[in-house]
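Shared between the two complexes below is chain A, which pairs with chain B and chain C, respectively.
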Partner chain A sequence: MLTKDYSYTIPGVTEHGFKQQLLRAVRFLMPFLIIGGLWEVSARAGWVHSSSLPAPSAILGSFWQLAWVKGVLWKHFISSLYRLVVGYLLATVAGVTVGALLSLRPTFRLLFEPVLSLLVSVPSIAWVPVLLIILGLDSRTVIAAVFLGAFFAITYNTMRGIETVNKNLVNAARLMGVNRVRLFFSVLLPGSLVSLITGLRLGIGYSWRALVGGEMLAAMVKWGLGTMVFQARFWNDVSMMFVGIIIIGLSGYLLDRTFLRWLEVVTVERWGMLATQK
Partner chain B sequence: MDSEISPGSSITIRNLTKVFSGERKNLLALSQVNLDIPSGQITVLIGPSGCGKSTLLNMIGGFERPTEGTIFMDGKQIEKPAPDRGFVFQDYALFPWRTVLGNVMFGLVNTGWKKKEAEEQARRFINLVNLNGFEDAYPHTLSGGMKQRVAIARALAYDPKVLLMDEPFGALDAQTRKFMQQELERILMQTCKTVVFVTHSVIEAVYLADRIVVFTARPGTVKGVVEVDLPRARKYTDDAYLDTRGQVLSLLEEEVEKEIQQDGLEPPQD
Partner chain C sequence: MKNKKNLIAAIPVVLFLVGWEILARNKVVNQALFPPPTVIAVELADLFFKGLPVQSELLNHVGETLVRVGLSFSLGLLVGMILGVAMGLSRLTYFFFNPLITMLMPIPGIALAPLFIVWFGFGNETIIPLGVLSAFFPVVYTTVAGVRSVDRQLVQAAQIMGASRWKVISSVYLPWAAVYVFNGMKLGLARCWMTVIAVEFIAATNWGLGYLILSSSDNMRADIVYGGIFLLIVIYFVLERGVIHTLENRTIARWGMIHST
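Coming up: the complex of A and B.
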């Protein structure tokens, strides 16, 4: 329906009033509530073994215990987050640098590109046993796994992003008197952002998985979401495992939806560079 | 137009040959091109597809190097891109991450202008191309004609001695194209820069040029030169205009047919 200032609205979809936002939130949660409801019913009715698949109510109870009564959930979460941030930031700095170098120096590229594309396909968790031997069984291994998970994806995507910048943009800039440093920061880097953000997005996914896997395998790590899920075996506490799993899933989702989405909106979306906008 | 306007440069091209090395064959794009581009005039390069006119322009811009031969600008050999030239591309080549103002300022800032003066100068050129009010817009929100006007402002802002334009209106619709030809004539009448303009369109060539250079089909070389002495502002329907058009067409048609045959198609029977 056409409003007075000629902006177009679809009732219930495009409006931003409180009622509409509430409706949108409800629509998002609906599938979860339905699944949760069915799950609860099947657990109570005994269709599923409560020892292998506890009811949502039991999981919530476990969550309450871990979060507030015993207060350990927060400590697990923060430990995991710390390892993720350290490993991921290092991977971003290293990855963008190496990716840039590879795209700007054709000889390096010829040497390393095949190796790189191969390494991108190795699941991060496959690195963990090697890291356990080199670095030991503690936190450092996990951080290294997080690093490796993101590094190859970020490097590869940065390299491809810089290579595929429209040649005419580079020519135009060169004509206007830029030196190589300025060319990189004013043209190549912004021009490669779409690909770079894809790399960051992949990287955070791989990192998160590497984190959880690493925490499970590094026996000397005492705090962490992965550790929590793994150690729940010793108490046969499936509820605790599920609390861990849900928190892990939610965190991974939020990491992408908040931080990366913000970066995307503020840069490539504003500049009209996303494929969906062209 | 205020401020000191530097006179345009002249360009001398001697025995220019360009070969593109391919996987299986080498492609001879230009062969022994000898051409003088006089200072302060609009020289239009016209020819059939694939005749190498864009390649020649790229070499004047410094983006490509000749295989043989030389290009001199004011006595100095052209070897790489530099701000003594400006270039307008067919696909606009605007920086999507910079606003209109940011794009036009780019050349100024990189040739040593201080930010404040660069901004003022950029605004003057945005005004020249009639894009007042759009300084803070991002290129992706503009129409094709507007984008090309930004590209022209950007290329002119840092006062290069030579303006190179590679089929700048090729991506525009017919109406906008005609409007842009008139706009460009208006803008160029206010400067005395040397302009080298590549196009397919004879209509466009005769409207804008002081001098038209007709190229042969691939491998490209100079077939003929038509001096255009018509007064400005030109009219598409004047007898003198139509005469000149006829002159250029008679040179060009033969080459276009050759090119069609080269590409394996049949030329029209008439």
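Coming up: the complex of A and C.
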């Protein structure tokens, strides 16, 4: 009886779930459709200058041109992504290492924590003018800015995370004769993951900002989303700017919501270390 | 105890600066790229004293940036709080604005700068709207969260006792949401400051700390670039510690909602 009941209700539940998701998606898209519609109408009717505020259809057309007819959009995108990945990965490796070293030696922590907390609050784009002088006007400056953007946030949060790992766990592992490397990878790293992931998320946000800003300011960078938006100004091509800005916004959003969120779900959330908000 | 800690924290900074000074003076590192800290300090002082009886060039740059940040931060805060409360109280407003805010918030201010330059032109016309936007998003986001988390029983209790709608908003919703709003303010100030400086890099004409730093970078004046960035760190620290912290201690910490630090 119970089993029958159970199997009967499940399809109903999933259908309900699907419907709800559809409803949510429609509700999410509605404001965009309303604003897009009004915008399109006012652009067609000539109430706004199409040169400064092109209609959504014109922006879509420009996207089509850039993405498939000319195909330059992907080259811009890949160049940006490449710089982000290189700078960010270096920052992750360096940040976790330095953060771990700082947290394991109380003297280091006493010495460096205040400086570090001050450096975290420096806007990552502020490093760009210094880097322009030291490294020149090319891609290296942008990668270095990406690196610095993420490095301090990751270092700081790794350090804070390891500090808050339950000391009993550490002692228990030590008593069981675990060596230092094993201790780090099996106890300290998983134990500090909540804080570390916070650092990684903050870091990727800062990196993304530094990347876009750096690409705009480094004059010899030829490819990149920031470069694309910046160059569009010289041709007064507002549609191209819109395409660039939308891609920048979406990528920034997705970077945070996809792989870092995934990392959070498969580790700390599954281990029950994080109070799930929903 | 606190003094001792500060003293210890100063050690690496002092060592770093002394090491830099020695390396630069002995030409181990290129002086054009890494001018010794004393040279940077002298250069900053020079800039400060330039045209002093009437005005000071350095203070003009800093003042211009602070005016921009102050203006755009207060505007962003005001609009953010109003819309935040509206979104927290009305479902329709929430469903309309929430998707827009979610999608627009992650766009870096500097990415919008070229667009705003085309629309409004160089200078404050571009810098201030972008500053407003950057302060607005964190504030509205946290205000909504705060208002939506209000204990329904408190609202009902106030209503039963005959409080008007405005009274309920000002005496129940806003104090409850204050902790959230303060968080938003902190984030908003940080982002506003960052965005104003960044947009000054590309859109400012003649004045502003960002303008000073980038134009010096173009002229290969490393000393002024370092000096400017040093100032940038100090000013942000003072803003955060001085303004936000004092405000926090006087309100939500006194109300017992957070521990004062």
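Keep in mind that, in the parts below, the second predicted complex is superposed on the first by the 239 of 278 C-alpha atoms of A that agree within 3 Å, B and C clash if a C-alpha of one lies under 4 Å from a C-alpha of the other, contacts with A are read in each partner's own complex, and residues count from 1 in each chain.
The criterion applied here is as follows: a residue touches a chain if its C-beta (ideal position, glycine included) is under 8 Å from a C-beta of that chain, and two chains touch if they have at least 3 such contacts.
From a predicted model like this one, the values you see are computed outputs, not experimental measurements.
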So, after the overlay on chain A, do chain B and chain C clash or fit? They fit
Ask   = Is A:182 contacted by the first partner chain B, the second partner chain C, both or neither?
value = first
- Tell me which partner A:190 touches in the superposition: chain B (first), chain C (second), both or neither. first
**Request:** Considering only the touch criterion stated at the top, classify A:216 as touching first (chain B), second (chain C), both, or neither.
**Result:** second
Of the two partners chain B and chain C, more of chain A gets touched by chain C
In the superposed arrangement, which partner chain does A:271 touch: chain B (first), chain C (second), both, or neither? first
Task: Name the contact category of A:169: first (chain B only), second (chain C only), both, or neither.
output: first
Which partner chains sit in contact with A:229 here, chain B, chain C, both or neither? Use first/second/both/neither. second
Min C-alpha distance, chain B to chain C, superposed, in Å, is 9
Chain A positions within both the chain B interface and the chain C interface are none
Touching chain C in the complex, chain A uses residues 27-32, 34-35, 52-53, 110-115, 118, 121-123, 125-130, 132-134, 205, 208-209, 212-213, 216-217, 226, 229-230, 232-233, 236, 238, 241-242, 244-245, 248-250, 252-253, 256
The chain B residues in contact with chain A across the complex are 61-63, 80-83, 85-87, 89, 91, 93, 95-97, 106-107, 110-111, 138-141, 154, 158
Counting only contacts in the complex, chain A reaches chain B at residues 166, 168-169, 171-178, 182, 186-187, 190-191, 193, 267, 270-273, 277
Residue positions on chain C within touch of chain A in the complex are 5-6, 8-9, 11-13, 33-34, 95-97, 99-100, 102-104, 106-108, 110-115, 117-119, 190, 193-194, 197-198, 201-202, 213-214, 216-217, 220, 222, 225-226, 228-229, 232-233, 236-237, 240
